[in-house]
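All chains are identified by letter, namely A, B, C and D, in their written order; residue positions are counted from 1 within each chain.
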Amino acid sequence: MQPAVEFRNISKHFGHVKANTDVNFTIAKGSIHGLVGENGAGKSTLMSILYGYYRADGGDLLLDGQVQQIRNSQEAIRLGIGMVHQHFMLVENMTVLDNVMLGTEGGFQLARHRSTTEAKLREICQRYRLDVDPLATISDLSVGAQQRVEILKQIYRSANILILDEPTAVLTAQETASLFEILRLFKEQGKTIVLITHKLQEILDITDTVTVMRGGRVVGAVATAGTSKEELANMMVGRPIENNLPRAPYKPGAPMLEVSGLQLQDAQQVKLLTDIGFTLRAGEIVAIAGVSGNGQSELMEILSGMRLPTSGQLRFEGKDLPFAKRSDADGLPLEFRELGIAHIPEDRLRDGVVKSFSVMHNTILGYQDKLKNRWGLFDFKAIAARCAELMKTFDVRPANGDLRIGLLSGGNQQKVVIAREVLAQPKLMLVGQPTRGVDIGTIESIHKQLLALRDSGVAILLVSVELEEVRALADRILVMCGGRITGELKIEEFDTTRIGLLMGGMHKS
Amino acid sequence: MTFDDFHFASILVSTVRNAPVLIFAAMAGLFAERSGVIDIGLEGKILASAFTSAAVAFATQNPWYGVAAGVLVSVALATLQGYVSITQKGNQLVAGIAINIAMSGLTFVVAQFFFQQGGRTPDLGQARLFDVVLPGSAAVEGIPFIGWLYGHLIGGHSVLVYLAFGLVPLVHWVLYHSRFGLRLRACGENPHAADAAGVSVERQRYMAMLVAGVLCSFSGAYLAIVQSGFFLRDMSAGAGYLALTAMVFGNWRPVYTFLGCLMFGFFGAVQIQIEGVDLPGIGRIPGSLIQMVPYVVTVIVLAGLMAKSVAPKALGTPFVKSR
Amino acid sequence: ADPKMGIVYDAGGKFDKSFNQSAFEGATRFQKETNIKFIEVQASSDTQAEQVLRGLARKNLDLIASIGFAQTQAVQKVAKEFPKVRFVLIDGVAQGANVNSVTFKEEEGSYLVGVAAAMASKSKKLGFIGGIDIPLIRTFACGYTQGAKAVSPKVEVTQNMVGTTSSAWNDPAKGGELARSQFDRGVDVVFAVAGGSGMGTLQTAKEKGKLAIGVDSNQNHLYPGTMLTSMVKRVDNAVYDSFMQMKAGTWKAGVTAKGLKEGGVDWALDAHNRKLITPEIEKRVLGARKDIIDGKIKVIDYRVGNSCPV
Amino acid sequence: MNNHDLPRWASAFVLPVLNLLSALLVAALVIYLLGENPAESLGILINSAIINPEGLSYTLFYASTFIFTGLSVSIAMQAGLFNIGSEGQMYFGGLGLTLAMLAFDGSLPAWALIPVAMGGAALFGALWGFLPGYLQAKRGSHVVVTTIMFNFICASLMNFIIVKYLIPAGEQNTASRAFADSGAMPRLNTWFPILGETPLNISFLLAIGALAVYGLMVKRSAWGFKLRATGLNQHAAHYAGIRIGKMIITVMLISGALAGLGSVNSIMGSTHYLSLNFVGGAGFVGIAIALMGRQHPVGIFLSAVLFGALIQGGFDLSLEKPNIPTETFIFIQGLIILFCGAMENFYAPAIGALLKRGKA
């Protein structure tokens, strides 16, 4: 049978970065094809070429055996290609309906087609069991729901070839499962699907064939049935991945952070956090598990000084955190940092880095006052040396401190942020979604760093929606739902089902 | 002071007459900016179309040729601005400011070259656009209130005034209820999303600039061939910037922007009325201080009442496919 | 040899429909009659005024006419540096043995048009539209009001200024809008002293069938039928005379204030407004004119005490 | 962003020169259409603006003011604020300067009077920048709108103050009295007589100093880092512990002070009195300069000199060629801004192709 898609010698470079070099492989019609590789391996670039977002510098692209020139997304859409991008392609201040209609309005007058589209969407939601309100505004939706909107868009457009670029990075296990249900349905309908993910288990669970990329080239293509996580990891990273990282025995020290009666209400008096209380000790990792959007982000913002709580007691090393007498949180994160609290924010692009600053400048962010000399000036030689050192230790690639950080792949951006915060030698480390969108090699190194930090006596509060990650790192687990802590477990008691129930708010009180 | 000194009727009529210059320009700016292109070049386009309209209306002795020529020139400028901002991906503020400065000079030079009157065109005389008298105005003239309402507030304006006021619901409809508007807003908020949905961002932005060019030209035409009856150097006198202000004030939404324009028109009219009048408790405010009434009011309203303004997210950033 | 003449306009430029233009006309008249050319320059800022004056002085000009009070300090300074060059300053007073300062009694001319306006008005409500609120403009307004009140103390004068920046002289839309608003309030004669903005006023008066009064040069011809008269300020004469004196060798330094008597200001009566000026009006205005010249009526100059008696 | 991988020398020198030439080409066309010889005109322009020492001196005199207003706009831009209000801030700064002069020019010697007056200018300029800054920081009022409004308000207020309080009795000129000679900025022709009788004064050196300090602060200091972080990503700035509200207010104070200092050159360097609308658009020119110079000290300097040269050269040219009104140079300014500031990469693809072919 003709393959649905064939890449022939596709190459693409951005400036001096060779994102794709002589890529050759085929995707069989009606199959689910996995695409894996380290951060920056060129997966998104390749798929963007297929979707007409970028144009290849060289090579041919064949659809159903025909060479096609896909110059822009319109042409790709016309050819029946749909893509769910790594970063959401949604207009935040519009409704789901408008987002779906965008590009497929069906006429100059929107009203004519609004109601039919809406009806169709509701029907699709029902058929595929997607929980989305067509009339909701995107900015009000959780990331999971936004992901569902992206899927909904593609179903509505009934693409024949569907590209999904890391759709599961922000989904919970249940959400992932239901997405896969949909993908299987698609496959039954004869559609071709390309799935990019860093979670090898997912590859094994759903794909038929896998292509592995590294450094812009294809380094392997195998049938899923005949491979294993280890083999894939080996191909991706070039070395085996350790599954169980070594860690020192659990010996918690003095209480570092004591939280009790913490409340948070927003301007509309909606309760975001209710009665949060827990203690975090030196040398332990406490993970907060939960579906995203259940107050974890707000909790982290408060603990890092980015937001003021409504009430509650927060003590750090036995002393109250300096919230009192504050009318706004302006400048507070700096005070927290000076106390020894470091923070790896969950939304690194928004909070963690200044995209148009160089990598080197980003390694200063938050510590600018520590690094200035007595004239208030920077010694850029020393800072560049520090940055080079840090890029080496944390294996940031490319190791060029003068590059705009926005040009680095997500995983490498994350490494820079983590390196920066670790380097500050904090007493308490707040870590939000440290490995979202990060490849397995990098995950391993990030996990190693966090464990080393724990072993050296730092208290770590980890927020993660990945139960795998929680299991790999945590000493104790708190589960949050609806702004409350719904349960606590020791790592020995780890039990996916029970945690899942707690995450859903079903707990015996 | 009595209520009679404070000619409310006259203020309202004056508001209606003052507003169109701002309404046309602000609506033009709205299209450009909702598509993601900053339009600080309104002033230059107003000036250029004011000159062209007046010059052509004079030469042909037909105001409508003047209006048409103004549209052409304004659209040409908008296209240039679009070319720089969209295709060249240049700095949009620079492009706009450059156009403002260049037009301030060029209109003078050309006017001087052709008419030798110090950058002024001759009087248009009969080639002006005159006020429309609504049918039956004379009949109701005598009736208190109704006569005024029908004959002076609603009637008795130039066609362009009706166009300006009629434009507002139209713009609202186009922006929120048409395909064009949906795509426009998407391009201004998240051009990457629009692009991924198969909308050509560049094309959409060019179209927005064209619409902006057309609308903006009416502002100039109104100034020259309705309000003044000739062109005079720099006669836009900051109207483009005020229109921009009204738009920001209205949070880039047509109806609120329109209200912003009316507000400027209204306080401009109030300011005329209270000049030299003894206000109870305050006394007579010196003329030069009265001039600042509309601006002070704007600041107070902005600072006191408005929520944070939310510009289109992609405003000012050329669309480049990269991270 | 012929004397070398120069003329320096201020920021308004030689086509300002106001005193710069008038100066230009005077110089042109001189050139036509004598065939002696003159150099003309516009100084857009006070710094430039000094630069220009110095530049012209270095070219060994014999007489430089500086138009507008903004050049006062520059004239004073450069005149000191170049004692051989002579300067005429229009509208301002500068010290110096080689400077002739010419000012105008705008209040006297304005008084006359005030009289005419008050007589012509049916509503007894008069309007005044100035460019910017500065003493010179207030002087016009004050003289106008004095004249109007002399006809009848009951006459009311509504005053409006166009703006506060230099665009106030180039905003005919606002000039027209101010007129409309005054007409709405019952005004039926309006006096516009606002450069290019005033053009909007005159035009609106035409449109609304109300009377308007022009300023500086005779603007009666612009809208015959609604132009009641113009308050002419003979800057052209001042420049012309000065140039002529230079040619004849009778030029003298000093300060001259030109009023009705000296032919510096006047009202304009010509074929264009003949029909509007009734014999009564004409009689009354001419009477007032004579009284002022004879010193029987003293029109108060706003600038002297920075206040207006009426 | 989109430099087409040109070598540094090409993007830093060849492109700007080509752009400038393009602007001049259009200008030449206009001059030709006006009936004059473009080459000759350009010769006069360059001679009287750059080559002739007195002309150059005037060029630099105008540039001194523009550097200050350009810096004023630039520094606010670094924090992501578009300050359109430099015009009003400079105007108000002139008032501060004048009040200091009126109070002290009879009593203080020059070495004390000049700094005090400069302090007055900076203080009043800062005050006029403070209010929009405060409203932006605390109330979220868009600084573009408020600064436009404050320009208008300033014009009215100054009109009122000058006419009501500052015009000496019986004077016609809408200006304050002239200040004592001790309040004059020392002129550079004292040391360099070749400059002739021109107002170029030590403000020029101060402007250069301000550029250097600006460059140092923005690029090398921790404060500048915070400033730019605030401008580029407020979320990240907040995360980094930068006090955004304070930063906005501070930068608007500095921006206003810089604009206020622009009045020192105009008033103490040249006219020695405060007159109505003395700013004459220098604040708006500052916007063009900041944008064209890309907020870089060298860029600001070059653009300021270019604008100064156009004013000076254009003025002289219009003297010699009555067919070319001075307004022509306003048009040419616009063209230059367009070509050099907004179409900076117009020739990049062509140059890139040329270079590639040369290599192959």
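In this text, contacts are C-beta pairs under 8 Å (C-beta built on N, C-alpha and C of every residue); 3 or more make two chains touch, one makes a residue touch a chain.
Nothing here was measured: the structure is a model prediction, and the numbers come from that model.
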Minimal step count in the chain contact network, subunit A to subunit C:
2
Interface with the most contact pairs, given as the two chains involved:
B-D
How far is the middle of subunit A from the middle of subunit D, if each middle is the mean of its Cα atoms, in Å?
46
Let me have the rounded angstrom distance from the C-alpha centre of subunit C over to the C-alpha centre of subunit D, please.
35
From the mean C-alpha coordinate of subunit B to that of subunit D, what's the distance rounded to whole Å?
29
Specify, in ascending order, the residues of subunit A that touch 2 or more different other chains.
355
Flagged in subunit C as touching 2+ other chains are 132-133, 163-164
Multi-partner residues in subunit D (2 or more other chains touched) are 152, 155-156, 159-160, 163
Let me make sure I understand the interfaces: which chain pairs count as touching?
A-B, A-D, B-C, B-D, C-D
Show which residues of subunit A lie in contact with subunit B when the two form their complex.
14, 51, 53-54, 72-74, 76-77, 83, 85, 87-94, 98-99, 101-105, 107-111, 153, 355, 406-407
State the interface residues of subunit C toward subunit D in the complex, per the touch definition above.
11, 40-42, 44-48, 50-51, 54-55, 69-70, 72-73, 81, 91-93, 103, 132-136, 163-166, 303-304, 306
So, in the complex, the side of subunit B touching subunit C is made of residues 7, 9-10, 13-14, 17-18, 21, 112, 117-120, 123, 223, 227-230, 232-235, 237-238, 268-269, 272-273, 275-276, 286-288, 291-292
Contacts from subunit B onto subunit D in the complex sit at residues 44, 84-85, 88-95, 97-106, 108-109, 112-113, 119, 233, 238, 241-242, 244-245, 248-249, 286, 288-292, 294-296, 298-299, 302-304, 306-309, 320
Over in the complex, which subunit C residues touch subunit B? Could you list them?
13-17, 21, 132-133, 158-161, 163-164, 167, 170-174, 176-178, 180-181, 184-185, 196, 199-200, 203, 222
